[in-house]
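Working notes, structure below.
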Amino acid sequence: MPQSNPVRYADANPEVRAVYDDIMATRGIDDVNNFWMHIANHPPTLKRTWEGVKEAMAPGALDSLMKEMVFVAVSASNGCEYCLRCHTDAARKQGMSDEMLGELLAVVGVATQSNILANGYQIPLDEDMMV
Amino acid sequence: MPQSNPVRYADANPEVRAVYDDIMATRGIDDVNNFWMHIANHPPTLKRTWEGVKEAMAPGALDSLMKEMVFVAVSASNGCEYCLRCHTDAARKQGMSDEMLGELLAVVGVATQSNILANGYQIPLDEDMMV
Amino acid sequence: MPQSNPVRYADANPEVRAVYDDIMATRGIDDVNNFWMHIANHPPTLKRTWEGVKEAMAPGALDSLMKEMVFVAVSASNGCEYCLRCHTDAARKQGMSDEMLGELLAVVGVATQSNILANGYQIPLDEDMMV
Amino acid sequence: MPQSNPVRYADANPEVRAVYDDIMATRGIDDVNNFWMHIANHPPTLKRTWEGVKEAMAPGALDSLMKEMVFVAVSASNGCEYCLRCHTDAARKQGMSDEMLGELLAVVGVATQSNILANGYQIPLDEDMMV
Amino acid sequence: MPQSNPVRYADANPEVRAVYDDIMATRGIDDVNNFWMHIANHPPTLKRTWEGVKEAMAPGALDSLMKEMVFVAVSASNGCEYCLRCHTDAARKQGMSDEMLGELLAVVGVATQSNILANGYQIPLDEDMMV
Amino acid sequence: MPQSNPVRYADANPEVRAVYDDIMATRGIDDVNNFWMHIANHPPTLKRTWEGVKEAMAPGALDSLMKEMVFVAVSASNGCEYCLRCHTDAARKQGMSDEMLGELLAVVGVATQSNILANGYQIPLDEDMMV
């Protein structure tokens, strides 16, 4: 038994359809993917999640490509296959090359290693950090 | 009892001093911080870690500012205070504004939420992801 | 090659059978699932894990539904598919509706985001927290 | 150097003050704590975070006490001291007893152990999960 | 306000004292540390946790030093300062040298990096893994 | 669409082939597995990762079996299926028995639970830890 069933456009209530319409218009696509159709089982979750993603991922002080790459970095760190598929694809469409992906994951790797070492040796803050 | 004591330059063996010298030369600073002085208790760890950080953080297909911000994103996700102090500071010195930090953490937040939802609803891969 | 093979009741030693019997009696089912059959490769792990689960998940100051939902929340956060399948199913059988699941994952999401922000901004404890 | 400075009410712009006012009115308190004053360095982050927290933590299909306890469970799992201080306190004010906290953390513990065992033994889904 | 107050031996009920006595006898010490005195606010948590730790950490197919080092590895990965202090100390008392700690954290680091890369590139299982 | 395609030996450039040759020679095998063939899409990542793994996993103050088991412990904690398959297999080839795996995961479990309790109760450092 799957955890949940997707809510198809044809079966969706007006509140859900309005979100689907906004997703499709914003992204220039003609269907929404499983992520949105599954969380639509709880319409307030669908609405809040889409609004949060739409605002946070829109270009601002950081451009879209950088935002997609940070999304990939976080999802690689958390090991979420579904999100990695979507957002690696999105990042590639916006120009992420093999070199960029390699360097991105290298930074995620050394950052995580540094976190482990700082914890493992319980390294105290430097004096100039404590002012 | 602290977890470890820092290895000061004056007390360091030549292998450790060589790494300290390279850190200071690469970064244009005249002292190394606690992170390096503590992991120097195991010189091969110091050497390998520095070489990994130096290579991964050097500008390449991604610039230094972006790499520092990804480092901040990962460390915020992992909750490492020491690393956050160092790398937020480094990112700010390279131009990270309050807006950029706010947007960065917003992306980390929505990415993590998406990971949780994709897991929680056990969302299956879309058909076009499986080709 | 799978990581491990399940230990079937017919092939189990008396120590393992006693645990299987207790699981089936406690839960009113007539077979144990893969989780128990795989960890039975190390009988002390089977016994200790079952006793811990049985005690921690029994109704007490918190009822069974709430406990199942916390189990789902933790497993969504950790991304464990097997556990999500079992415990989402168990929570639904005890009355978890789509609304309750949606609200549960919403809380997991905002809590995790708050953790990231508190880390990312290195927010100091409020004065009244330090008394 | 701290990561960020708090934005005091007296120094806040109207957008930030409006959020502070809503936080204080919603919670019946006469000051906002450090969390909000620090993330106010990026007003859109303040606004979006508050709206998300306000919506997700409001009583609905789950009551406030349960939501606060799930917040505590997630923050204990992620190890966020600031959030644990705030939300353990909030949960206690809403009636969480020592027994309830003990049982909550016990469930977080056995859930996490189950996640580790399911991963470590790479336990396959049961047949009835795959229908 | 601290999250909880320690339960001193003088104030403890017989159930708690019995656990304290067993901890002191097992470890050959004449006082229990904060960890046990705080979780004693919920006596069943104290009892279950101690029994789990006592069984899991006892020498068996793996010796005590190795078990303490795995405890350090996990705690470094999770960033738990309290546990790192206790268990690094315990491991050192059982013979963990600077070289051993350095190598341990190096393995934790490369394992975590490999996890990130396997996720980030969504590397499929090798054919001989799927038999 | 897969996240990346494997780089076969026949199609690899000399830099990649040199790493493949070293992996096969070091491990006494006649093919490299998917992990290496996928990260070879970014040759510097391949080279750096292999050198890190080769150095960190070589026997030193800790033997190979212990290192493989720590790798399994970390991967179980992070939930990385690919890495668990490879390294559980490697650990078994070096002598890890069912008892050893069971005890290993038991320690990972109690360590993680202790981390959660130390966080959840915000247990202060003991006085003798602060000297």
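Chains here go by letter, A, B, C, D, E and F, matching the order in which they are written, and residues are numbered from 1 within each.
To be clear about the criterion, a contact is a pair of C-beta atoms (placed from the backbone, for glycine too) under 8 Å apart; a residue touches a chain by one contact, two chains touch by 3 or more.
It should be emphasised that the depicted structure is a prediction, and the values quoted were computed from it without experimental measurement.
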Mind listing the chains that sit against chain B and also against chain E? A, C, D, F
So, comparing C-alpha centroids, which chain is the farthest one from chain C? B
Average the CA atoms of each chain to get its centre, and name the chain whose centre is farthest from that of chain A. E
Counting C-beta pairs in contact, which comes out ahead: B-C or A-C? B-C
So how far apart, in whole Å, are chain A and chain D when each is placed at the average of its C-alpha atoms? 20
Which whole number of Å gives the spacing of the CA centres of chain B and chain D? 26
Cα centroid separation, chain D vs chain F, in Å, comes to 33
Junction residues of chain D - those touching two or more other chains: 1, 3-4, 39, 41, 44-45, 48, 52, 55-56, 75, 77-81, 84-85, 88-89, 99, 101-106, 108-109, 112-113, 115, 117, 119-122, 129
Based on the touch definition given at the start, go ahead and assign the chain network to line, ring, star, complete or other. complete
Please output the residues of chain C touching chain F within their complex, sorted ascending. 1, 3-4, 39, 41-42, 44-45, 48, 78-80
Show me the residue ranges of chain C that touch chain B in the complex, using the header's touch definition. 72, 75-77, 79-81, 84-85, 88, 101, 104-105, 108-109, 112-113, 115-117, 119-122
Sites on chain D touched by chain A in the complex: 1, 44, 48, 52, 55-56, 128-129, 131
Which residues, counting only chain B, touch chain D once they are in their complex? 79, 84-85, 88-89, 98-99, 101-103, 105-106
Given the complex, residues on chain A that touch chain B span 2-4, 33-35, 38-39, 41, 45, 49, 52-53, 55-57, 60-62, 66-67, 69-71, 73-75, 77-78, 80-83, 85-87, 89, 97, 99-100, 102-104, 106-115, 117-126, 129
